[in-house]
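Each of the two complexes below includes chain A, the first together with chain B, the second together with chain C.
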Partner chain A sequence: MVQFANVVVYSYQYLLDPKVAGYISKEMQKESVVVFDEAHNIDNVCIEALSVSVRRQTLEGARRNLNKMRQEIEKFKATDAGRLRAEYNRLVEGLAQRGNLPFTDNWLSNPALPDDILKEAVPGNIRRAEHFLHVLRRLVQYLEGRLETDNVEKEGPVGFVASINTHAGIDQKTLKFCYDRLHSLMLTLEITDTDEFLHIQTICDFATLVGTYTRGFSIIIEPFDERMPHIPDPVLQLSCHDASLAIKPVFDRFQSVVITSGTLSPIDLYPRLLNFHPVVSRSFTMSLTRDCICPMVLTRGSDQLPVSTKFDMRSDLGVVRNYGRLLLEMASVVPDGIVCFFVSYSYMDGIVNSWNENGILKEIMQHKLVFIETQDVVETTLALDNYRKACDCGRGAIFFSVARGKVAEGIDFDRHYGRLVIMFGVPFQYTLSKILLARLEYLRDTFQIKEGDFLTFDALRQAAQCVGRVIRSKADYGMMIFADKRYSRHDKRSKLPGWILSHLRDAHLNLSTDMALHIAREFLRKMAQPYDRAGGSGRKTLLSQEDVEKMGDGILNEMQY
Partner chain B sequence: MASGHVIKRAKYKTSPKGAGTPGVLKMTENKIMFKPNDPTSASKIDVEFRSIKGYKNTKEGSNNPPLLNLSLEQGGSYIFEFENFLDLQVCREFVGNALTKSGDAAKAKSGDTAKAKSGEAVATSDRSTVTYPDEQLISSAEMELRIKLLRENSELQNLHKKFVLGNILTESEFWATRKKLLDGDSGTKSKQRVGFKSSMILDIKPMTDGRTNKVTFNLTPEIKYQIFALKPAVHRAFLNHVPNKMTEKDFWTKYFRAEYLHSTKNAVAAAAEAAEDEELAIFLKDDDILANAARQKIRRVDPTLDMEADQGDDYMHLPDHGIFRDGSKEITDSQHEQFKRTFLQDLNRQGEVVLEGRTIDVELEDPRTVAEALAQSRQESDENAKQERLDRISRMTEMEDLQAPHDHPLAPLCIKDPRDYFDSQLLKISDDTRAGSEQLRCSLSSEEAYGSLRGSISEIKAMGLSDPVVRPEVAVMVLNGLTQNISSTKFQLGKNAQESILNSLPNTTKEELLHHWISIQELLRHFWSSYPITTSYLYAKVSRVKDAMSKIYPQLEEIKESVPSDLRQQVFLLVRPMHQALDAAFQHYEADLQKRSAKSGEKPNGYV
Partner chain C sequence: MNNGNGRRLNGETEEDDDDEGSEGDLDAWERTYADERSWESLQEDESGLLRPVDNTTLYHAQYRRRIRSLSSQATTARIQKGLIRYLYIVVDLSRAAAEMDYRPSRMAVVAKHVEAFIREFFDQNPLSQLGLVTIKDGIAHCLTDLGGSPESHVKALMGKLECSGESSLQNALDLVHGYLNQIPSYGHREVLILYSALSTCDPGDILETIQKCKKSKMRCSVIGISAEIFICKHLCQETGGSYSVAMDESHFKELILEHAPPPPAIAEFAIANLIKMGFPQRAAESSIAICSCHKEAKVGGGYTCPRCKARVCELPTECRICGLTLISSPHLARSYHHLFPIVPFDEVSPSVLNDPHNRLPRSCFGCQQSFPNPGNKPSLRVACPKCKQHFCLDCDIYIHESLHNCPGCESFRHSKSPIATEE
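Coming up: the complex of A and B.
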């Protein structure tokens, strides 16, 4: 199908994840233009694509899978021994002809794996199915042993491979071929229910990644989550720190790659994170016909005390109350929908509960209904649906959501579904996370990106992503409130995308609740007027081809000089 | 009973046992007449319904003949025997209606009974000459409504008094133009269903007395209903267990025990309790009905919102892929999950129920009936949900700024600066009244202004140009004076919207004028709506209305004469449009009359 289509739309994983890309994207031509849209999180997607976490359940499942496969092999031996022999012969000839997958430019088929893996033959000690199963069994056993630890351990891939070699007797080359060998075996055994064998696949992924890359990864073993030390939940994580590893094959393989999003900011950081040289890098302004967005930075509550979700302030009752009053006052002024973003689920849970206890929530609910994003996708979807109904019927509603959550990424709150979005706090990542620390270290050492810079960049792109939900078209309008005193600092603020910064007036940088309320009233009154489509001041909403060409000339001139 | 009267054969009796006089009973809206077959007989009756106090009749199926007994106010009674029960039935109904009507009329007319009585007399005599084809008997409910309207609206009452009781318009004619009033009023009768409050039962808080460990919850029927609506599992449990397994009181005690456990946020304790008591467990566990309903509803949500459908696109949801614990993901305590219904979920559920609104319409007193009614309403499936979903999809995919502008037949209301709007409206109004107002409102006459200008010019001539050339205050005065014509309306009217010419008139004149204006409007409406004249009835109506109008005409003249001379101009302006309207009507009437007589050669006065 793919080769007949002119335009193919699919999710990033089909291109970035080496496991999937091999099947789906191998037929793409070199001349294809790849566009990563909404690519503000592309580095995280790349990293996730090459990261594996192994837990107790994974290992148990893998053992079950191995037993099942052994039975299958026994069965085949008894009935159809020829098949296994044929596979063995194929593997001797080389990986290129494996299975029944016919393909031509085979180094393109597996973008994330280095070329040599496809040119080498499968090592002799795992060509036989039984031998391969033995190797896997030893690997699983070794990993089980590593999970039984009381301390957090951190290791590089080289050291880890060496340790496997000494303790389990599996060398680096064998590890590297695990994934392909497993795949071949599953084809031979005619296993169609791949979901059932997910666990052993995970183990093989892990082995292949560990065996392939010597840098840009670390293996971190944690006996429990730091935030809940009383619950033992050991996990072994192979985490990728280098986003450029996953995207490199895409850059190598395709002639033109476009990375675009409304919130790529600061734009110069992305080439460094993804390790490429942009041919053209441009940031476009929005061609608005009127000032239809109104960003504000709210630093103080109604009692003039600073508000923030900084760690030492977030549980302060005064801050909680000030945030509550802000929402309450806004709910009484803003028509239809309001969206609130919090920095995390736990913070949202806490603040909503304390609003409930001190009665603010009840007051808020006198103005609008309240709907909340939870970690349950079904529940959240229904809540969103009801939120829209409430906005449609004129009752008005407030949606509580979480930065970095699914809603922040994928749901639009345009038109009356969102006239105001409030970002409570700065959505920093959980900085004590071992994985984040390891990544920061790697970024500093490899790309010379300072920890603080990266964290701020990451938090601000999330914040921008959240507030950007509110506007979708030129006819739309909405307000954005950044409710944290830290947004008023230049180093934070300047990382917001240009289209927000250009509307952020100096007078709106240091507001208190009552001032913000006044601005909101004025703005809403102005914006609620009938929308002039023709554009009185020569700025048309709907551009004709002529207009676009004229604009294009302007940009070309600009670029030349 | 389309016509306003009933004619039946009947026997008139003075006592139930007597033989009676055979004759014809005729009942109109206000009168009862009995004509004996034998013209010489003395038992001729002609009474008005007003003098009748009540009526009795014999029941069908009893041994008695069909008798109708009308008791008089002054004592005594008329008894009529009908030929069959059908006739009795018809007459009884008619009498009933007529009695309520005359009773109501008496009420409405309290205050000026004398006038009403004379009016009534004229009305009856009038009715004998002209038949009213559209006169219909109206239900007593509608009658009550009319009376209520009259009582509430004094203006309407005045009009009614003047025209209906003044016998210019009939009752039905009067109300025919006000059908909307009647309809609209009956529309409001079906009471609007009150929805749920946004913060429903969030606020049931237990009350503790401080000394003991006892906790008290206050329950009202309303709260019970809300609990049923919010928690289908509780609802189902109630239907299953009450009153067979436990009493209602036990049920609620148990429910609140569960709620209390839940509010302590002690999931372990809740689990322990639930293990011991299976009924209690119902309240503590997640609601399976809700979960099932969620599955169903998720299929109907807007696809742009459906995050569950997107889940497969993102393969990170698979176990063990991606980074498990990087701090951006959240962790939950998976133990005792089913007993840990979160407050956030409650909030979402509540919002949903509030949006659904009240689905049942029964008395809330008995929780059992409430529960059953609710169960019934839940079963009603929503068929148009699918269509609604399609509509919403098309609405969502439409990009507002990429659409061609809609052509609205109306100009959008654009209030960038409210004053702009009101000023423009005032200008329109003032166009009509300018001629009258400008003269009066000049505080500075043209002569004065001119004189001042001349003065200053001569001053300049004598003294040469000083600095400033013209004294600013003089300049302002001159400018004001000369532009008075242009600016006066803006200055005077624009400043004060309440101020109008009417207010400057003496109160009595003003009221009179207003009253006449309303009367003329009413009459004109009837007048013009009668054309073209197709029936004799309409003809009679038109001539009545025309007579009434011609009576008002000189009255207006009188008002014009009576006002003091300084106000005459304004009054003249106000009266003129009324006169014009009346003149137009008269002209039309004359023209029509001539055309008519020319055509038929028949004298219209003899038209009966």
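Coming up: the complex of A and C.
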């Protein structure tokens, strides 16, 4: 079907994740134009496509799968030994999959990238099915041993492969072919229930990736989650740090690739992260007939105490109270819907609890109903639905959400569903996570990007993404409040996208709650006045076809001289 | 990327940030927040003496009103308008009405302007009737029934100015809907809601109520005092009314007075009917009769209903005994001019004024005051497109807003060609 379509719309993984791309995007022609929309998180998507995480359940499941496969092999040996021999012969000749695979087509569904797959015959020690299963069993045993450590361990792929070789006797080339071999074995055994065999596939993904790449990856073993030290939850993570690996085949294969987003800022960081040289790099401002956005940076409460979600200030009662009063005052002035973003689930829980104890939450609920996002998808969907109903019928509602959650990524709060968005704090990632630290070190060593810069960039990209939920058309209007004292610093503020910065006047910086209230009242009244949508007063913003043609002729005339 | 600030991870402490450039912003935000800076509008003339402030502001006010009247009478076509209006004013007395962004409080300002509106309404629509409803504590009360006497409405409103509790739009709409359903079909049903709250706390589904109002042909308009609310906008869009939000007190007055002239009738709702009306005669000065509105004997002037001969004190009114609408001919005449609006006058451009070949009248046709010499200022005279007479700005406003007749056209009604004045 793909060959007949003119336009194909699907998610990033279908093009970036090598495992899936081989199936789905095999038939895309070279002359296609690839557009990555909302691509501000593209580096994270690339990294996740090449990362694997292994837990105890994975290893136990893998053992079960291996047993099952051994039984299948025994069964086949008894009934149809010819098939296994045919597979063996094929592997000797280097055709890893059933049927002829022309070597010019690089899109094999292998977790490693096409250029890195060896086009050789499969090594001798895994050609026979039983031998292959023995190898896998030794690998699983080795991984189980590694998981029983009490300390956090971090290794590069080369060292890890070397230790696998010493302890389990599996060399690098064997590891590289694991995925192919497993795939071919599953085809031969005619296993259709691939969900059940997910665990052993994960192990083989892991093995192939670790065997293929020597740079840009780290293996991190954590015996427990940092935030809950008494619950043992060992996990072995192969995390990719280099976002350019996954996207390189796309750049090589397709003629035009466009990366676009409303919050792609700062724009010069992306070519460095993805390791490419952009032919055109442009940033456009929004053409609006009236100032329909009112961003504000609020740094203190009415009592002039600074507010922030900095780690050491989080439990400060003054800050909690100031945030609560900010929300209360805004709820009494802004009609219809308000959206609030917090930096994490735990922070949101804590502060809502404090507000409840203080009685601020009850006062807020007198003005508007309150809905909250949880980690459960069904609950959140229900909350969103009721939130919209409350806004529609005039009761007014507030939605509490988290900056890196599902709602912030996908849900729009346009028109009356979002008249005000408050970003409580700066949404930094959990900076003590080992993976993040490893990635920061890699970025510093390879790209000379400072850790602080990268963290700030990531936090502000997330904040911009959250506040951008509120404006979805030119006739829409909304206010945005960045409630943290750190936003008034130039290094943070300058990383916001241009369309927010162009509306962020100096008079709206460093506000306190009552000043913000005054600005909000005036803005809402001004925006409620009727206005001319087509922009008849000044520059035209809605161009008709003649206007566009005239513009084209004008440019043509210029080019002639 | 590297702006030389030194790298800081989130966990480390940062030094205190200084206020960047906040001193320079003091003037700006102070100016925005302070309402009264009247000394800034004083100006000096050439010799250094203070010019009285009134001139420019008055001129601008006049000009603005002209422009407004021009835009509101966009077509001079004869639009059918509802002359017999049954209007309910819903005043929101919830806790939001006690806010003090309008001085002394929103409630007081609203009441003052509603009083002015009531008088203006009966002035322009003598055949219509008005009622008052308030929303308090989530319940809608009917303050006065539909009636034609401005005094009783104003007195009832001023006596009941306390606010508390929530506001409920649905309850108000239900109440008004119940009352307006009972009026005869030739009347135009209208509701004007003055809404200060930001939300509505309803017992049921307000969207259903809106559909009910739409079906009963009620035209609901809302004037918001705080901000734009979606449900009010939806209500106005569905029922064909107008939604506006007031920016300040004077704007609110303008908005509410815009509802005094009759709105255009919606085509399928306006059924042409023959309506029975009575034109009572004034009784003699010495006659004694029992008045039907006061229920006591009165001497002297009153009107006698032509059908049932009951005595009423004032016109226009509805006879209490037989229900006949009683009016007098000046009342009808006052409603008539809404149907035949006067065309907006054209500005006389300065180029025409400066051209020495034109024989221009030296004084305004309406008030006979001479025009100042034309200079570079924008022109201070206008001309009627039909009779081509020149008028000054004051006469222009007076003719369009009060007189509703052009003196030039009335004077030369019988002549075929107007006085030849080149444009």
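The rule we apply is simple: the second predicted complex is superposed on the first by the 518 of 561 C-alpha atoms of A that agree within 3 Å, B and C clash if a C-alpha of one lies under 4 Å from a C-alpha of the other, contacts with A are read in each partner's own complex, and residues count from 1 in each chain.
FYI, contacts are C-beta pairs under 8 Å (C-beta built on N, C-alpha and C of every residue); 3 or more make two chains touch, one makes a residue touch a chain.
Model, not experiment: these values are computed from the prediction.
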Fit or clash - chain C, chain B, common chain A: clash
Partner chain(s) touched by A:Val279 [first = chain B, second = chain C, both, neither]: neither
Partner chain in contact with A:Val334 - chain B first, chain C second, else both or neither: second
Partner chain in contact with A:Val352 - chain B first, chain C second, else both or neither: first
Touched chain A residues, chain B compared with chain C: B
First, second, both or neither for A:Thr431, with chain B first and chain C second: both
Partner chain(s) touched by A:Cys393 [first = chain B, second = chain C, both, neither]: both
Chain B versus chain C as contact partner of A:Val9, first or second or both or neither: neither
Touching partner for A:His199 - first (chain B), second (chain C), both, neither: first
First (chain B), second (chain C), both or neither touched by A:Lys368: both
Touching partner for A:Arg415 - first (chain B), second (chain C), both, neither: both
Shared chain A contacts, counted only where both chain B and chain C touch the same residue: 367-368, 393, 395, 415, 431-432, 526, 529-530
Residue ranges of chain A in contact with chain C within the complex: 266, 268-269, 310-312, 332-336, 367-368, 391-396, 415-416, 428, 431-432, 449-453, 455, 485-486, 488-491, 494, 506-507, 509-510, 515, 518, 521-522, 524-530
Residues of chain A touching chain B in the complex: 11, 13, 17, 20, 47-49, 51-55, 57-58, 198-199, 202, 205, 222, 225, 227-228, 231, 235, 237, 239, 344-346, 348-349, 352-353, 356, 361-362, 365-372, 374-375, 377-390, 393, 395, 397, 400, 404, 406-407, 410-412, 415, 429-436, 472-476, 526, 529-530, 533-534, 541-542
Contact set on chain B toward chain A in their complex: 198-199, 202-203, 294-295, 297-298, 301-302, 304-308, 310-311, 313-316, 318-328, 330-333, 335, 342-345, 347-348, 351-352, 354-355, 392, 399-402, 404-405, 412-416
List of chain C residues in touch with chain A within their complex: 1-3, 5-11, 13-14, 17, 19-22, 24-25, 28-29, 32-33, 101, 169, 198-202, 205-207, 224, 226-232, 244-247
